[in-house]
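Step one of this worksheet: look at the structure below.
Note that the chains are named A, B, C, D, E and F in the order they appear, and that numbering of residues resets to 1 at the start of each chain.
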Amino acid sequence: MANKLRLGIPKGSLQDATIALFERAGWRIYANGRSYFPSIDDSEIECMLIRAQEMARYVNHGVLDAGLTGIDWVVESGLDVTSVASLVYAKQSRQRVRWVLAVPEDSPWQRAEDLAGQTIATELVEVTKRYFAEKNVPVKVEFSWGATEVKPPMLADAIVEVTETGSSLKANRLRIIDTVMFSETHLIANATAYANDWKKQKLDSLAMMLKGAIAAQGQVGLMLNVAKANLPTVLSVLPALNSPTISELSNPEWVAVNTILEESVVREVIPKLKAADATGIVEYPLNKVVL
Amino acid sequence: MANKLRLGIPKGSLQDATIALFERAGWRIYANGRSYFPSIDDSEIECMLIRAQEMARYVNHGVLDAGLTGIDWVVESGLDVTSVASLVYAKQSRQRVRWVLAVPEDSPWQRAEDLAGQTIATELVEVTKRYFAEKNVPVKVEFSWGATEVKPPMLADAIVEVTETGSSLKANRLRIIDTVMFSETHLIANATAYANDWKKQKLDSLAMMLKGAIAAQGQVGLMLNVAKANLPTVLSVLPALNSPTISELSNPEWVAVNTILEESVVREVIPKLKAADATGIVEYPLNKVVL
Amino acid sequence: MANKLRLGIPKGSLQDATIALFERAGWRIYANGRSYFPSIDDSEIECMLIRAQEMARYVNHGVLDAGLTGIDWVVESGLDVTSVASLVYAKQSRQRVRWVLAVPEDSPWQRAEDLAGQTIATELVEVTKRYFAEKNVPVKVEFSWGATEVKPPMLADAIVEVTETGSSLKANRLRIIDTVMFSETHLIANATAYANDWKKQKLDSLAMMLKGAIAAQGQVGLMLNVAKANLPTVLSVLPALNSPTISELSNPEWVAVNTILEESVVREVIPKLKAADATGIVEYPLNKVVL
Amino acid sequence: MANKLRLGIPKGSLQDATIALFERAGWRIYANGRSYFPSIDDSEIECMLIRAQEMARYVNHGVLDAGLTGIDWVVESGLDVTSVASLVYAKQSRQRVRWVLAVPEDSPWQRAEDLAGQTIATELVEVTKRYFAEKNVPVKVEFSWGATEVKPPMLADAIVEVTETGSSLKANRLRIIDTVMFSETHLIANATAYANDWKKQKLDSLAMMLKGAIAAQGQVGLMLNVAKANLPTVLSVLPALNSPTISELSNPEWVAVNTILEESVVREVIPKLKAADATGIVEYPLNKVVL
Amino acid sequence: MANKLRLGIPKGSLQDATIALFERAGWRIYANGRSYFPSIDDSEIECMLIRAQEMARYVNHGVLDAGLTGIDWVVESGLDVTSVASLVYAKQSRQRVRWVLAVPEDSPWQRAEDLAGQTIATELVEVTKRYFAEKNVPVKVEFSWGATEVKPPMLADAIVEVTETGSSLKANRLRIIDTVMFSETHLIANATAYANDWKKQKLDSLAMMLKGAIAAQGQVGLMLNVAKANLPTVLSVLPALNSPTISELSNPEWVAVNTILEESVVREVIPKLKAADATGIVEYPLNKVVL
Amino acid sequence: MANKLRLGIPKGSLQDATIALFERAGWRIYANGRSYFPSIDDSEIECMLIRAQEMARYVNHGVLDAGLTGIDWVVESGLDVTSVASLVYAKQSRQRVRWVLAVPEDSPWQRAEDLAGQTIATELVEVTKRYFAEKNVPVKVEFSWGATEVKPPMLADAIVEVTETGSSLKANRLRIIDTVMFSETHLIANATAYANDWKKQKLDSLAMMLKGAIAAQGQVGLMLNVAKANLPTVLSVLPALNSPTISELSNPEWVAVNTILEESVVREVIPKLKAADATGIVEYPLNKVVL
């Protein structure tokens, strides 16, 4: 099929966040409760829901041209795919996750090397085996079907588990002793598909829009008016991230400033702008930001 | 009552969408669960919930000055009312609906003319009778209380039924063989009421704001900066729909462009703008658009 | 603790509205279902959920540096605290509430003075006692644990009760005969804490952002283009509240106007702007407004 | 089809109550959200969901062998069907409903005869026309698509509407001036189908079980022990409805009594039984009662 | 009003459990969301929803004839009322609750006497004052509007709080050092009302049925057959609580045994009955038990 | 720990059904949303939530004494455990499930032997490998992380998947060509633990009660009175499953019959009993049946 992109959407915990991200980026995906072939309002794309763990397998085989999945599962699969873009978004926060090595709070173990001869439960068996092999620490790695964090000390000695904030580990009285790998979502592609001009351009546009939607998530627009005399002070208060748009007003003594800010700094910036005699300070929401 | 507009709001499937539309247009309607006289934050309007099928009757009688209802039910009623505005909005999509003549998938019938002597089930009895009468095809038209699409072949031979996408008909193994009429929501008025200056102005303002809110639904604002040298390329990429606002910046080599776009084309336009060296591309949401 | 602000968040009916207000102002509060110590994404603030009725007590004692609560409960407590800002927001509307003296619809009582010797039920016992004492009217004031408005005539003769719209009183066939006090939420502070420079600046910034978020609630941005010849008419249509930003366009005959409006007047302003030959009228939403 | 019963289940307000009744009677109906052909765990029955208003039409035509619907809609249709059983059950209560003639509370009308020349809104057009025709009262009967009780006085002068308790009419300030007809659900059958032995027996068994389940709804079982000397007093306390089962105990001085009671009288009967020296009084729930 | 009982139903946390208990006892109470005067299917009773804390006040005043409330709030009120019945039921479990004196886990305090000079937060102010006064321990008792268990150590030194299982206290790191009082729900009556013959009989019947419904909650019926030779073993296995009903069977070698058991012991009793060669062992649910 | 049974409860799709079954059997399990160690009202049992797939591993290791899981996962594990009882219950129905080999509806494959060289996706990898190995059919078995039934034909050629009714397979246009294994839930035990007297007795009692609760699910009690003359006819109508209890009545001409029936046959039996002149036929619900 010439102008058709087969795209895997991660089924499960990332599914809703992914569909919401696509909507903000400009594509509406209709995931009917039961079907694994959600429709999308772009006749050039065909979607399929695939578990994140299996995405690399089917992209590598070429059954899919591309897909979104965690880089952890790509590495776990040991298969070769092309990363088109790294996209940091998640269920709750907008941060990377990490797979950590954790042991019971009150155990004596302080380093991976202390675990020789112990049983490690994890969903990420291959990565974990490689991690210990590189350190020459002999351990028994057991596949865990879930709820890994409740297994020590009864069902396992230590675990390798994914975490965003560490709070679930702490609640289960586990202590992190090392980071095995960081991970975030990637848009991955089959190498042959990505060599095709049409597919490459389609994927690059898609990546640009997804990134634009992610960027807009934590950012807002800020408009204000300021007397030209006070402009330097106002500009010194604004983060240097990207240059604000300064436009002329009918009143030649004043200018209008329009800029993009991280939402998280607004609460500190506005009081300073007010102190610098800016007026008509207005914050407005954004849909997409492509700087 | 001199300066008071009696307005019918369609009870039932369109009710929530109508109240949401009014809110975006600037009027808040409070529909208490049980009452048929919802309050509205405009002392010049009195609302009443009326079934879409009965709206034309009561507007024609003059009990109501105006109301929102489908043009299909207006035509079905055979009564005379004035259309103030056509408003395309609906439960799900933003498209007109149509009443179609449908027969069982595996029936031999291909045209309305093939149905002579058959039984047609429909909620739109009068329109259907007229449709067949104009073609001189004698059929038996039976009023259907609902679930019309499941009636063939057991309870009826063919049906005339409303559809947005045809998917419910297909799911019931029916084949569309003709369109009987298109329909969309209209703001209709009693002719005498609309001849009153105050009521006419009130209805025209209402119509303008409702249209402005509908227009904003599928549109977004787009701002960007561009070097004057690249402005022609950027403008050639933007849809010709309405002319963008180009304003001067402090830096005389650059201009700011601010425009309104169909949300559905943004995903194609932004990559082209980026390719044309536009910078600081920002998409923001809109509440109303009156061009 | 030097740079740490202990802040009381009102537990109960105002809790969700308060957390939503903080989010719009730039602070995210995570109220875990059970904990009374919600986390906040600002390492300089420590939150605690406290009943509005007890807030003044703990701010006065200095256990909390500051808190949000109704001025009614502050007055009821009889304790001394500093008001940093008055913030009018509430569960439903954006209006002040009032405590009223109400009697059965068909009772003979017309003024407070008529109630001598009667029993008054209220949650605001001290304020009510002072109110009657100032009028030299001897009554029996009984503390009511809630549902005060259903008590007359069986369980009390009259009540002093809080109301936004009076509809609950009317539904219980009560008649308002006086207003005992008006109330709205305040950000209050311990006097000693507010004398500390760092805490004062922190509280003032917080107040500015909370007010900016409240202001943005009922306001919207409006952009339009207009020929310079028509600018005076356009400006005469816009409310004088704050001066619009007028900027130069590439086409020197035209200007762009950008302004902030009360959302509730937009439906009247836009038809007039259109009549004044404004074009490209666009309304957009706001997050914060600090004029 | 020889041994297959085509049965119509009323779609809409009675649907859930009907399916629940069948389950208590011993048949499980699986109504998939969208399908109008619910499955049933009896290979001799085929179900179809049909609006109560259309049931008589399709049973009369013979498309269905039988169906459940209100006797009101049977009479309204004017068609001939056989009533197999009258089944009093409903959404809320276990009483018959009635169609009443109601006028505005403060209108002068006291009898049907007073309404000559007025407009009557109703969903039951034919029955209403016949009612007034029999009284020789000329009125205009208008079909109402619902919410009939809010129409007077603005949209109609009087109404004929169904009611269980009259509370909705009272809430709309209407006054009942006559009962037009009583109604309850019937199991109706096509006359030809009911003449077939197999279908008759199937329908009679079905009717017996449905009635057995309805009977059990408001009834409970009661067991107690009593000394033979006190038996006459105990028996005199029990309602005479059906004779209790009295069985011998090992202790020849005592007997056990087991009986079925209306649930609503238990609260009066038990204190009297206790006073008559009954012991071990136990009430237990029932699924079906066929006396 | 001669034959009318005015009955207070506790509003709030006990409300749903109370209405459910009345339904099992034979009275249906219809608590419309907003009204404080729920209807009941007994023309001799008038209900009113009253906060448990205020029940004793209004029963003592004679405004209500009777009401259900916790004995804790009766004692707190210091008012005189008659207890008709003690009813142990609650939101979750079927146990009495207790008010305990609790201190921070890691505080030095071990007995009430250690708390001299400290601040005690509680909703039960009068009972708490009396408790410390009897011990001659001077403390400051502060009324708490709720969430008392989170107050120590910041907002109070110790608390007197109600608990069923102690788990909420433990979760807040508090340690129980004494029990201040036990409490359970009582049906209380005004002394004068209870002296009236009709009201006394009505209240006694009500109490009997409420107790019968509570008793049935944790009990079940058990039927079995057993050869007469094995009857003594079977009887020795059954708890001695109440004597089982033994009835003759057609087969004179066997008897049927029917008895009432605590549901919680069934899992231990049935294996023993089976070992004693009982057959046809059947457990069935009960609605009411009046032994 | 001498008198303590460590019991694994299956986490996931069987969890709610298992907890409900235990409640009917007489044990209440409190599964707090997050904890994997639910409490149970039996001080001799300690519960842990474990995925069904891992249950055999931990029972075999002796970390758990016993657990409930599907026999499919026991066989898949290849580990040795003791089956105490087979318990047929499930999410929806009360039937065994089966793992089937399914291929695309329109594929040419009719038997397992036709699949040589193809890829089989399944969650039950080891059982599937053994199945094909025994038939000497070389295939590639790939582990599927879920949604196996949507994989053919794109992501796999055939699948081995679990099914209750086959409807999900049919909906995905798959055709079943063989049954690989049947499965149902078993209560399994560690062999050493089951050799311990106390644990064996505890497990046997538990198994008896679980079976008693399952048996009661689809059964009901039936009581009736009949004249001795008609008793033989009545008995001939009752299923021979277990013998009814026949007891003497005060009236020596009549007997009472009490029996247990499959709920599904009641609708056929009652009409026959009625025809045999039985009276006072009453069906009542059961909690447990141990015959």
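In this section, a contact is a pair of C-beta atoms (placed from the backbone, for glycine too) under 8 Å apart; a residue touches a chain by one contact, two chains touch by 3 or more.
Bear in mind that the values here come from a model prediction, so they are computed numbers and not experimental data.
Participant: Mind listing the chains that sit against chain A and also against chain C?
Facilitator: Expected: B.
Participant: Over half shared numbers or under half: where do the identical copies chain D and chain E land at their interface, same or different?
Facilitator: Both copies touch with mostly different residues.
Participant: Working from the CA atoms, figure out how many degrees chain B turns to land on chain E, in steps of 5.
Facilitator: Between chain B and chain E, the superposition angle is 180 degrees.
Participant: Could you check which of B-D, A-B or A-F has the same interface as A-C, with more than half of the contact pairs identical by residue number?
Facilitator: A-B
Participant: Tell me, please, which chain's centre (mean of its C-alpha atoms) is farthest from the centre of chain E?
Facilitator: Farthest from chain E by mean C-alpha position: B.
Participant: If you tally the C-beta contacts, which comes out ahead, A-F or D-F?
Facilitator: The comparison resolves to D-F.
Participant: When the centre of a chain is set as the mean of its C-alpha atoms, what distance in Å lies between chain A and chain D?
Facilitator: Spacing between the chain centres: roughly 59 Å.
Participant: Between chain B and chain C, what distance separates the C-alpha centroids? Give it in angstrom.
Facilitator: So the centre of chain B lies 38 Å away from the centre of chain C.
Participant: Approximately how many whole Å separate the CA-defined centres of chain C and chain E?
Facilitator: Their C-alpha centroids are separated by 42 Å.
Participant: State, to the nearest whole Å, the distance from the C-alpha centre of chain A to the C-alpha centre of chain E.
Facilitator: From the centre of chain A to the centre of chain E is 53 Å.
Participant: Quick one: which residues in chain D touch 2 or more of the other chains?
Facilitator: 247-248, 284-285
Participant: I'd like to see which chains touch which, written out pair by pair.
Facilitator: Touch list across chains, by label: A-B, A-C, A-F, B-C, B-D, C-E, D-E, D-F, E-F.
Participant: Write out the stretch or stretches of chain B touching chain D in their complex.
Facilitator: Those in contact with chain D are residues 11, 34, 36-37, 48-49, 51, 53-54, 58, 63, 144-147, 150, 154-155, 171.
Participant: Which of the residues in chain B come into contact with chain C in the complex?
Facilitator: On the chain B side, the touching residues are 25-27, 41, 204-205, 208-209, 212, 216, 221, 242, 245-248, 255, 258, 260, 284-291.
Participant: Quick check on the complex: what are the chain C residues that touch chain B?
Facilitator: 220, 223, 225, 247-251, 256, 263-264, 266-268, 270-271, 274, 279-285
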